[in-house]
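Each chain gets a letter, A, B and C, in the order it is written, and its residues are counted from 1.
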Amino acid sequence: KSLKGYAQSGHSGATMKVNGRIHADMWNFPESSAGVNGFESGDPAVTPQDRLGFRRMRFGVKGKLPYNMLYKIEMEFAGGSNPEFRDAYLGWDDMSWLHTVLIGNQKRPYGLDHLNSSRYNVFIERPFVIEAINQDARRFGVCSYGLSDDEAWNWRYGVFNQRLIQDEGNYVSDHLQGQIAGRLANTIWYDESSGGRGYAHWALAGTWADTDGNAAADNFADSGINEARFRHRPEARTDQRWLDTGVIAGADDYSLLALEGLVNIGPTQLVGEYQRLWLDRNAGDELDFHGGYVYLSYFLTGEHIPWERKSGTLGRVKPFENFFLVDRCSGAGHGYGLGAWQVAVRWSYADFSDQDIQGGVGESVTLGLNWHWTPYARMQFNYIYGDIEENADNAPVGAPVHGTYQIVGTRVMVDF
Amino acid sequence: KSLKGYAQSGHSGATMKVNGRIHADMWNFPESSAGVNGFESGDPAVTPQDRLGFRRMRFGVKGKLPYNMLYKIEMEFAGGSNPEFRDAYLGWDDMSWLHTVLIGNQKRPYGLDHLNSSRYNVFIERPFVIEAINQDARRFGVCSYGLSDDEAWNWRYGVFNQRLIQDEGNYVSDHLQGQIAGRLANTIWYDESSGGRGYAHWALAGTWADTDGNAAADNFADSGINEARFRHRPEARTDQRWLDTGVIAGADDYSLLALEGLVNIGPTQLVGEYQRLWLDRNAGDELDFHGGYVYLSYFLTGEHIPWERKSGTLGRVKPFENFFLVDRCSGAGHGYGLGAWQVAVRWSYADFSDQDIQGGVGESVTLGLNWHWTPYARMQFNYIYGDIEENADNAPVGAPVHGTYQIVGTRVMVDF
Amino acid sequence: KSLKGYAQSGHSGATMKVNGRIHADMWNFPESSAGVNGFESGDPAVTPQDRLGFRRMRFGVKGKLPYNMLYKIEMEFAGGSNPEFRDAYLGWDDMSWLHTVLIGNQKRPYGLDHLNSSRYNVFIERPFVIEAINQDARRFGVCSYGLSDDEAWNWRYGVFNQRLIQDEGNYVSDHLQGQIAGRLANTIWYDESSGGRGYAHWALAGTWADTDGNAAADNFADSGINEARFRHRPEARTDQRWLDTGVIAGADDYSLLALEGLVNIGPTQLVGEYQRLWLDRNAGDELDFHGGYVYLSYFLTGEHIPWERKSGTLGRVKPFENFFLVDRCSGAGHGYGLGAWQVAVRWSYADFSDQDIQGGVGESVTLGLNWHWTPYARMQFNYIYGDIEENADNAPVGAPVHGTYQIVGTRVMVDF
């Protein structure tokens, strides 16, 4: 009964999938002003350095256990000697009105561009505001995931600890710094007749997060610091975060409101998000950060981006013709397939400077070209022009608090 | 012949299992005296901090290779950027009078509560003496595992290096610090007619360990320190070990005698262990440490804890009814299953203070409630009241050398 | 259609293999002169310390994806808390005149003994010059792998970044430090009639590497250092590299020429390699390093080492009789199998001292005994006598710059 040569899961009667992804990147910085140099290197004369290597190298296991339970562990090995976990949870499917319930490390439910898998996102890196407000997305928590019977509505809501523990494994502090968060999404139009080549979606999401301004005060362990910090790189890979509020002293709590909108008509997709965050401090006025982005994407070769109604996120693109290159039989030269070609443009904006917090105001335009080789592999090119202002908190003393930059990014990826 | 979409092992003709576990914990410290605060934080005014996160997050591979060989690698990823290996060995089944022989990282053969898998143990963390004398259990060694034909007797014996190398990978020192260790176990009663709902077991185990009092003297590498150190946390997860002898200067060798007894009658289980250790020093009198525990466990829902006669350890509990919650057909409300409910109480004691070594005397009572959701998943609650005395080696200067504490622990777990 | 209890790959229609290896080592240093002590410990009076633990503990996934793509991730966990990746790439089979093309971390194409898998190599550790000039072999690059229709010729060529990123994940520097490298190999004789028990091979390989003498100058990140450094341990496992040129200041570029030759006649194999490297400096004369080795291997039990014509590397030895030990039926004593027994001797030489660079001149003789238990497992014994001269760069001030040593190594290994 045992199939020699095949890998079994731990329990018969259970299912298991072993899967993963490889993303390899090259980043070049053809132009950067003195201010930007300072944000990155701490020296206005030293430019951001080029990068070559792995952005993601993951594999892990997931599966269903008898009696409607499920589990997942996904490891991120791109950091070499500094691995981290990503999705790491256990839970249940079909828990009556709770639908699916997961306990463990999972994405916080706000920001479409963060809920989308990095395998499917149109641009190489995520927009300013989406990543800054939900850095690395995953937190330890309990979350329910639901779907209406007609698949028009989907939602997720839960409680999370705000500390990012992918590298540490545990949060250690008497100050728990919890948050409640949720997202309600509506696939308001879905063209069944074309197999989903037309659809529209909107969603409303938010959180109330109980940061603790006194977290560090009576805490001997390392991780009990105030979790009120918002930061991001320039929608590219760099050494430092160029927008960064720092840990906001005395932060008491914050509220987030997030809006999403999306329309897809065949090869064309238009997406926009806006997020606004209000932060209360023990002393000092309320702070207000906000930002958003809009992108337009178009397939030169006519494909479309599928839509996952269950989760309200982007799906996997299937090229009409895969990319390949072969010798023809009878030596009649080469045969080839072109793959799918997609172009896109994104405008992104975020303002993390308010009153005494000068974490920067970023604005950038990205031109993207995606060459989908197969449904499981693609190459991406991004050209970014960006401008950062009012960034006193991240500039060396005496250096400019603003700057401009151009960045070129290239990625190849496969998932399995 | 190749099954598309399924994972193969490296060699046809071999078997492979991919398995693992996820344990997520919450620990709260509702009460701690000044002395206990000092053991944990170094400051009598700073209490132990709450914890939330992953206790275990493992996956790995194991299997049999043609011609009666076997292998296993199990990785522990709960530490995020600090992974460690656990079981990591190669070996043989059916090696004549040597039975099973394993070479590599494997559990040292003493302490029933350590030989039991963390998936099956009745309480969340292991008793004082069991963990302190066999810290993290696994060592690099060669060990034989045997079983009598009638399954009444099982034994394991081998030689090990005393250094814990799960985090380092290698022991580096001319001072080898070996030990011989063994365990002889007898399932003296096993009620076949009830499918193993009744059984009794006793075992005798021990080791002779050649610690080297001069290990650090002429050694330039990091790992050549004396391995005579016994320590444990308060049967819970904390930052520091509250009982800790420190590295005992001049330790020459030690001997351990360990006794186990267990009786199981249907839903009721009574277990006790006692361990005593004698340590010789180059200078100074022999040291004597000892401790033990007793627990009583009872299933409110009538299940029993199975017994593995092959290894002399606890097996996997199967609830009569799994825990679930579903919508009834025709909208007639909810249906549910309760799972299995188990209550337990444990008394534990250990004395690591003798002469000039004041590593602490710990005593604690734990109340446990286990909610078994399915055979593969459960939730555990522990309430611990403990008292530590004569703990001068772990108290800050001028702070109390004794203290009391209450701890509440909650764990959810799944294995696959 | 889903096979319960079996592990699936992420995509149906794809293949996946989960495989790995365990190598466990013991190293003893029965004799070392004062000079050698200094190379290792920094103190002529402190000898190299014995070692016990894991040399390799790997597992990972690889497979083919629909439409002729492939991927691989292999993790090395022997370092415990310091894992590293090994092979990590994506690519294509059957890319017309490009044959197989891989992008990612893969072996640089020079040095037969490095291209051979550690599972199949005759000696426990690799020769001086092979490892020193191609430290840890794998680099991030793009490489094409080809084979002639008659399998007589195979080749690989590509471009690589010189930085070893298995532990870091990325190279960060505006100084890219690329290299082009290639190997052309010819299986000049292959005796099909005996199933490949007779064969001969030669290969020519080389690289031109653009090291950057100014790499560190205007670079704020850690990894932008000059990659001109050649080093190796004493063909054994030690704390320090005993031959080491250090980072060669002002290195501008280097060229390598590598020659391989191999003849196998039944149980006997004779192999030799020679490598010579010329390095240009911004200031100062060209440097010249070189070395080689020869080994002779013989199976006492008559087996042979198979040859992989596709890659021009050693294959997996299959014992005529596996090693086992069983009780005979009817209690008539024990039955056993002997496995395959192989003896070998290697002479190795490398000269990394030229002008102001005194990285050492090493010469060693290794006696090897390999006990192949099964095709997937074996035990290896090596006795090494070595002599290192002209090693001023690695000797403590005032200590001898030369020395001799004896080393005994034992390894057990399995792969799956």
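Brief remarks follow.
Here, a residue touches a chain if its C-beta (ideal position, glycine included) is under 8 Å from a C-beta of that chain, and two chains touch if they have at least 3 such contacts.
All values reported here derive from a predicted model rather than from experimental measurement.
The best fit of Cα atoms from chain A onto chain C calls for a rotation angle of 120°, in steps of 5. Two copies of one chain, chain A and chain B, touch each other, and the residues they use overlap weakly: the shared fraction of interface numbers falls below half.
One inter-chain figure worth recording: chain A and chain B are separated by 38 Å, centre to centre, where each centre is the mean of the chain's CA atoms.
For chain B, residues touching at least two other chains, in rising order: 3, 6-9, 11, 14, 16, 18, 61, 79, 81-83.
Of all residues in chain B, only 3, 6-9, 11-20, 22, 24, 41-43, 46-47, 49-54, 57, 59, 61, 77-83, 237, 239, 322-327, 334, 373-377, 412-416 touch chain A in the complex they form.
If you check the complex, the residues on chain C that touch chain A are 2-11, 14, 16, 18, 60-61, 63, 65-69, 71, 73, 75, 79, 81-85, 88-90, 92, 94-98, 103-105, 140, 161, 165-174, 176, 218-221, 224.
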